[in-house]
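Chain naming follows the written order as A, B, C, D and E, and within any one chain the residues start at number 1.
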Amino acid sequence: MTIADIWSIMPLLILACGALTVLLLGAVAPGRYSTAIGVVTLVGAALWCLQHTPEAAVPTLGVALTPFARFFTALFSLTAAVVLLLSRDYNERRGIRGEEYPATVLFAVFGMGVLSASTNFLPLFLGLEGLTFAFYFLVAIDRERPESGEAGLKYLLMGAVAAAFTAFGIALIYAGTGALDVAPAMHALFREGKGNPLLLAGLGFLLAGVAFKISLVPAHLWTPDVYQGAPAPVVAFLSTASKGAAVVFLLLLLPAAGMGEALRIPLWGLSLLSMVVGNLAALLQKNLKRMLAYSAIAQMGYVTLALLSGDGGGYGAAAFYVVAYTAMNLAAFGAVASLTEGEEFGDMEDYRGLGFERPFQGGVLALAMFALAGIPPTAGFTGKFFIFAAALRRGEIVLAVIGILTAVVSVYYYLRVVVNLYMRPAEGEVVAARGTLPETVSLAAAAVVILVLGIFPGPLMEFVISLFR
Amino acid sequence: MIVPLAHVLILAVILFILGLVCVLVWRANLIMILIGIEIMLNAAMLVFVGAAGQWGVADGQVFALMIMAITSAEVSLALALVVYLHRRRRTVNADEFNSLRG
Amino acid sequence: MNTYLSLILLFPLAGAIVNALFGRRLPRRVVEGIACGVVWGAFVCTLLAFVDYRAPVRVELFSWLAAFDLRAPVTLYLDPLSLVMVPMITFVCGLIHVYSVAYMAGDEGYVRFFFLLNLFVFAMLTLVLAENLPLLYLGWEGVGFCSYALIGFWYREEKNATAGRKAFIVTRVGDVALGVAVVWMFRLFESLSIVEINRMGSILPAGVVTGLGLLLLVGAMGKSAQVPLMVWLPDAMAGPTPVSALIHAATMVTAGVYLLARMYPLIGASTVATAAIAVTGGATAFYAATCALAQRDLKRALAYSTISQIGYMVLGVGAGAIAAATFHLLVHAFFKALLFLGAGCVIAAMHHEQDIFKMGGLGKQLPLTFWPFLAGAACLAGLPLTGGFFSKDSILAAVWQKGGALYGGLYLLGLLTALLTSVYTFRMIYLVFGGNADAGAHGMRPERTPSAPAKVPAVMEAILLPLALLGLCGGILNLPAYLGGGWLDRFLAPLAGQGAAEATASFELLLQAIAGVLALAGLAIAHYRYGGKRRQERIAAAAGPMPGAVAFFLNGWRFDDLYRTIFIRPYEALARILWERVDEGVIDDSLDRLASSLGKTGEGIGNWTTGRVSVYLLSLAAGLALIIAYLAWFVF
Amino acid sequence: MLTTLPLLTILIFLPLAGALCLVPLWHREERVRRLALGAGLAELALTGWLALAAPGLPQVQGAPAGFFFWEDLPWIGRFGIRYTVGMDGISLLMALLTAFVTVIALAVSWNAVKERVALHYLLILVMASGIMGVFLSLDLFLFYLFWEVMLVPMFFLIGIWGHGRRIYSAVKFFLYTLAGSLLMLLAIIGVYLIHGTQAGSYTFALPALVHTQMAPRTAGWLFAAFLLAFAIKVPVFPLHTWLPDAHTDAPTAGSVILAGLLLKTGAYGIIRFGYPLFPAAAASFAPLLTVLAVTGIVYGSWVAYAQADMKRLVAYSSVGHMGFVALGIAAWTPVSLSGSVLQMVNHGVTTGALFALVGMLDERAETREIEAFGGLWGKVPLFSAFFLLFSMASAGLPGLNNFAGEFTVLAGSFRVFPLAVVLAFVGIILPLVYTIKLVQQLLFVTERRPLPMSDLSWREGGILALLAVTAIYLGVHPAPFLDLVKVPVGLLTGTH
Amino acid sequence: MEAIIFYILAAVTVIATLFAITEKHAVHAIVYLVTSFFALAVIFYLLGAPLVAVFEVIIYAGAIMVLFLFVIMMLDLGHPEKAKRPGGRDWWPALLLCAITLGAAFSLFGAHPSAAAAGASFGIRDFAATLFQRYGIAVEVISMQLLFALVGALYLGRRR
């Protein structure tokens, strides 16, 4: 390991050191600067990723900070920074104390960074497990609410089983090729005939495991429970960065493998089921976070559609959508978090009239809903547009049509939130919190990203596509 | 290699399935579910070790070791959670944790 | 000439606009002055134009509809036909405006009244002077609207408003046919100009011409209250009497005749169409005459007589006697306006009592009304040497001249109608003016009606005189050939196309003699039944239950009931069914159901999330099993 | 020279800028009203000036024939998406209508809206921007963007300030229209891809896409998607059921804009995009569209007759009137198309006015039950006169605006679909039937229930007078407007 | 010879595991499992992975399973009378799914062309070099993860 090596993985080191610093500082001065240090670390890592161009990737470590990796590391870092900003006052109000929380967030980002930078299955797996592991803990972190623990348990059990699937899948792939490097293994997949059976089996196990992470039907069932049980900022993080990382996982594998029929059909089914089940189940949900969970399932169905249309530009579309989706969900859950005063507002009815009582948070929440529904000029629209363009170019007409129809259905439940915010009067005294400065800043940032990506998606799209050359 | 890789794989997949069965069947007991996961992970390790032997590279063994490490981390957190929840609910029946649903 | 023509239209329009915009701020006299002034102004312009007239002129004022080959500018066209119509219209309108000033003296809604009246004049003149069909249609609908608004002028009474509505809708039915004819002609000729269409009509196959002719006929039926679209006119009498006189007797209702005459060069080529026109006219004439026999309401009786007379005109057109029809149109305008205005005087005198069985003895009390009214009645009945006699007779002569079984039958029907006309006319005279004023002493009159008639303003009665003169002497407009030939015939000759062959003088005399005898016979019958003492018996009988036939005629052969049963009720019921069953029940409900079933499905799917983690794990494993099984299946 | 400015961009974004200016004045309602109206008037003035100046301008370089103004900027390069806006005669007419109706909508809500005033005005202005964008965009992506953007403010208008089942109606409106337009989005992408593979360069620009060659089956499906989206907006029977609910429950300004503008975007879309992109498919769909259009004409008017709520009645009447527009489009002759465009404007004015009138009644009596009223003529003559005028316009009285459009449509369509035209003529009676029934119930007879009633204020009178003058002008002298659309219609139908 | 031992051990592993998962006493199950892991460790050894074999014994059988036992005892779950074996309704869907997966996996493995290459053997040195040179970052990650496992466990274990 040379200085150059260290230099090349500097962002990862920054994140790791940041996590440790927060942890250590917590022992010295409990809960004082942890959020600030966390945010600074994350922003620093993000800036490093965006600014610094290493001379060459260093494959010997199994990780290479390619532009792809740096982009996603930066994205996840910034997401985490926003989450930390959102969490600070939320945690205070909810009585979640201690430096464990910010440190674990940093650790999760570290895992994501490793994952995005991996060229080898081992770090890839470890990154994935590391970040999932961080979330086991984060989901269960609210000790005041029994649901939080329950959600953590469910997430952990599912996650562990999925991890076993993933591990077994990787093992089969390794058995088939004798190499843990991603690229050669994936190239070998469709080299002959219909595909190497052992590799296919491995990929099958892998897919089943990753489906859990992305929460694709039928591995989606944990999602509503966990979203409902976990604290809102954690859900904001879980639904954005964690899912994003899982998509990154597939983005690292699929382009190298190519989209053989053996791979296409399972993805096709997952995408179809997710779009249909997610959107339908969300329709009459009464709990906002559960509703958003089902919506997340559906949204991931769209991302899967993009993934399986990779040859038509779908990888770029999927990456773009990850960014857009991150902004939208940060806005949505961020608004929920910043409105929380005492108990979280679970029931949709709790949001009645808040659009006028809390104009800023309500407005951001409404914007997020429109964005998730894919109404222009928001990132949700451009993202969906790119996905469907890719799908049609790849010839996935049936799935595209079904996707569009389910998108229509989905608008209903997004609108329900807006309806409650603006069209039903508040009952009794409004107990929602007024946003604090960090919350306002983070929500505003998310909103701006949603709008900017909705109106000028060009530069980001251009950049994202360049990642897959 | 003392035996064909396929045999190792078959043993591994049987183990894996047994672990899966354990996970799926023992809904009444969190501990048993965790044990099932351990069995599955062991099956994965077996594949790694077998493949490492087959291909003659150490990566597989390293991976197996890492799995072991991960497992220990996971089990410790999982058991902590089990203890934590048991303190609240006095049960280790996984299905009794169903306040979140719908 | 251009100026005159434009002014003819502009005057009433300006009057209408001024009254509409400022009428409520102007003193009453000014409003009335403006209203009357503009019409007389138009009349003066008409006379000037008449004097100036040499050959047909067209004046394009400005473009209206213009899209590619669809060109319908506001273009006026003055030819003999319109030239004879316009003076009549402006003159009668002028008189009636003046009459109205007195008649409406006590009404608060005078601004609206005069606005509508002026607007009507404008629309009517537009109709007559229009050079192209859309413009004609504008006038056509414009008069319809004014008619609607004026029938329902006393809008507080539901009956009046409903009558206006009925008139508007029923005439609209005819308008549809007219509209179809217009667009069809546009399709055929790529032009909407009446002149051009008439010129090019001969190139069309007979079937098309027949179709167009029938469509135009239906259009005319609506406006001119011909069978079967005649039901609106009797009800239209709900309007103020000057309106009835102007719109529903003299001018608007004859628009259908005018239209047919206008388009005769085109449709005359089709024998089927002309025959249909003739049959319609004849049937209407007869139908309305029978109805008029049984009417109790003075104005309704007059209304049926109007329908009947217009039937004659249509019959005339159907017989190709454009000049005769126009002749009758003009004369009828005078005497029927006269009758209505006279009726207005009567009604005013009777405190708005319109039942003729409750009148009587007015001949002595209102002599200034009675005598002109009698003159009008003579014209209507076609007593020899009155204007009505000549005009009606020229139509009948033309029909006879046409020959053939159909026209022969129509001629006989016309004669029968003439007899009936005479009967009902004089029945009316006897009942209204005959007998004694103290009929109330017999206890038939409701107590609330004061026995003494009210004072009728002098202006109103004065107006009757010129009309009576015109009606009586109208004959000189178009004397029969044996008296030196008619001016109108010659004037309208260019239009008539293949006009009826000239009858010999002696033969014509014979025909006229027959008609004259019939008219007198009618008078005799009326005298026999309603004259002298028997008048009281009839009145007494009328108070009792009606015989079926009388009721049948009184109710206009029960066409109203028929239409209510087969059109109105089903329409209303279907509207409700379409709305509640189809629109909300099927179309909308299917969507709502789709939505709710989606929601239900979603809830069902949501139940999958049972909260029990074992189910989640099972589902996860199922996913794995499916994927692996598919892959295995795929590899083999 | 003023014409070197990016006038169309200004035109599109001026209302939006106005809307943003409202934000600092949030709680100062009187100023908000004035400012919003000022923005609307400025927009109207600008549009009017363009309308006067446009015909004299030389052909813009790089623009297709017939366009007075043309702005073209790159936007999302990789996908060939450009910010392309252009104005030809049809767009100009629609822009005029947009600015006009916006001003009306702003003015009618002056007193009607008492809560959340700034937001109300802001939404109207945003919507004006969106609609203006729809009428001016020539890049399909851009068009789609505006197409959906304009839904959102309307959703809020109905949902927040509406009556009755406002939330149901708002959501229904949104979902219904979105269902069609999302499928259209797929079709847009489809055309884009087909064209791209043929031409080698991907673009969403309409002028390029019209040259795409397509297999009939493909074209049929794509056109069907376009047609569905537009037909829902028009609305064409049987896709109309969102309309009565939305219109009825919307606040007055919302109804005015819905009827005046939103419905027009559908028809405009078919004219501008649907037919030119898929001429062959459109021709094969024409009989179907005709049947639906005629059914809509008859059916809408028929159902309107049964209504007890007058706003609903007017709403159903819209179904009938817009059927004429659809018929004219289906026939696709120069005359019928000119008529359709004219009818779009006419319907906007007439129905907008009727909604304004009904809104004024509702403001006073707080009911829209037809049965509740009666004898208004005696109590509020000015109101009644306007009501009668616009009712007659709606019933197609010649000399008023609707007739000009309807007649032109019918005259133009007869060549292609004679039978349909005959039936549509039957559809001319029916509006009269319900209109004068309404007039009779409202204005005539005597008062049924004592209701608080006062005649029009100056502001209301002014609005209605403006509308009335427009209606009469359009009825008497529509030639300038028809001339305006002559060139584009000629180009669209291939007759010059 | 080694092959025969392998098959015997394989049978032992499978049977021990089978007992483990059907055993209703958690403590007994863990004992069976430890047996299974011991057999597996020997298999690892036979397959040329002595280090993994050692760790299997130390960590799995030694540490993890003991941890399980601790928890069972701590939570007082060791009462066989309370324990309940899964009923039939719990078994059949699981067995069905697993049978499908197993069959499919078998058929996929069967379709795999058996690789002829018998790799060279390698020693602990190679293993260590691979671990710390090639996968240095992985060691970092795993150490972080273990640290956070500790953090998490402590956090959850903390009494309120």
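Assorted remarks:
In this section, a residue touches a chain if its C-beta (ideal position, glycine included) is under 8 Å from a C-beta of that chain, and two chains touch if they have at least 3 such contacts.
Quantities reported herein were computed from a predicted structural model and do not represent experimental measurements.
Least step count on the touch graph, chain D to chain E: 2.
The chains touching chain C as well as chain D are A. Of all chains, the one whose Cα centroid sits at the greatest distance from that of chain D is E.
Distance between Cα centroids is largest for the pairing of chain C with E. Set side by side, the interfaces A-E and B-E show unequal numbers of C-beta pairs in contact, with more at B-E. The chain closest to the protein's centre is D, with centres computed as averages of CA atoms.
Centres computed as Cα averages put chain B at a distance of 64 Å from chain D.
Our note on geometry: chain C versus chain E, Cα centroid distance of 102 Å, whole angstroms. For the pair chain A and chain C, the distance between C-alpha centroids works out to 77 Å. Note on chain placement: the centre of chain B and the centre of chain C lie 96 Å apart, centres being C-alpha means. For chain D, the set of residues that touch two or more other chains is empty.
Touching of two or more other chains is recorded for residues 606, 609, 611, 613-614, 617-618, 621-622, 624, 628, 631, 635 of chain C.
Shared interface positions of chain A, i.e. residues touching 2 or more other chains, are given as 122, 126, 129, 133, 136-137, 140, 153-154, 157, 161, 165, 178, 197-198, 200-201, 224-225, 285, 412. Two chains count as a pair here when they touch; such pairs are A-B, A-C, A-D, A-E, B-C, B-E, C-D, C-E. Residues of chain C that touch chain B in their complex: 606-607, 609-614, 617-618, 621. Residues of chain D touching chain C in their complex: 238, 241, 244, 299, 302-303, 305-307, 334-335, 338-339, 342, 375, 377-378, 381, 385, 388, 392, 397-399, 403-404, 407-408, 410-412, 414-415, 418, 421-422, 425-426, 428-429, 432-433, 436-437, 440, 443-446, 476-479, 482-483, 486, 489-490, 495. Of all residues in chain B, those touching chain A in their complex are 5, 9, 12, 16, 19-20, 23, 30, 33-34, 37, 40-41, 43-45, 47-48, 50-51, 54-57, 59-60, 62-63, 66-67, 70, 73-74, 77-78, 81-82, 84-85, 88-89, 94, 97, 99-102. Those residues of chain B that touch chain E in the complex are listed here as 1-11, 13-15, 17-22, 24-29, 31-32, 34-36, 38-39, 42, 45-46, 49-50, 52-59, 61-62, 64-66, 68-77, 79-84, 86, 92.
Those residues of chain C whose C-beta lies close enough to touch chain E in the complex are 614, 618, 621-622, 624-625, 628-629, 631-633, 635-636.
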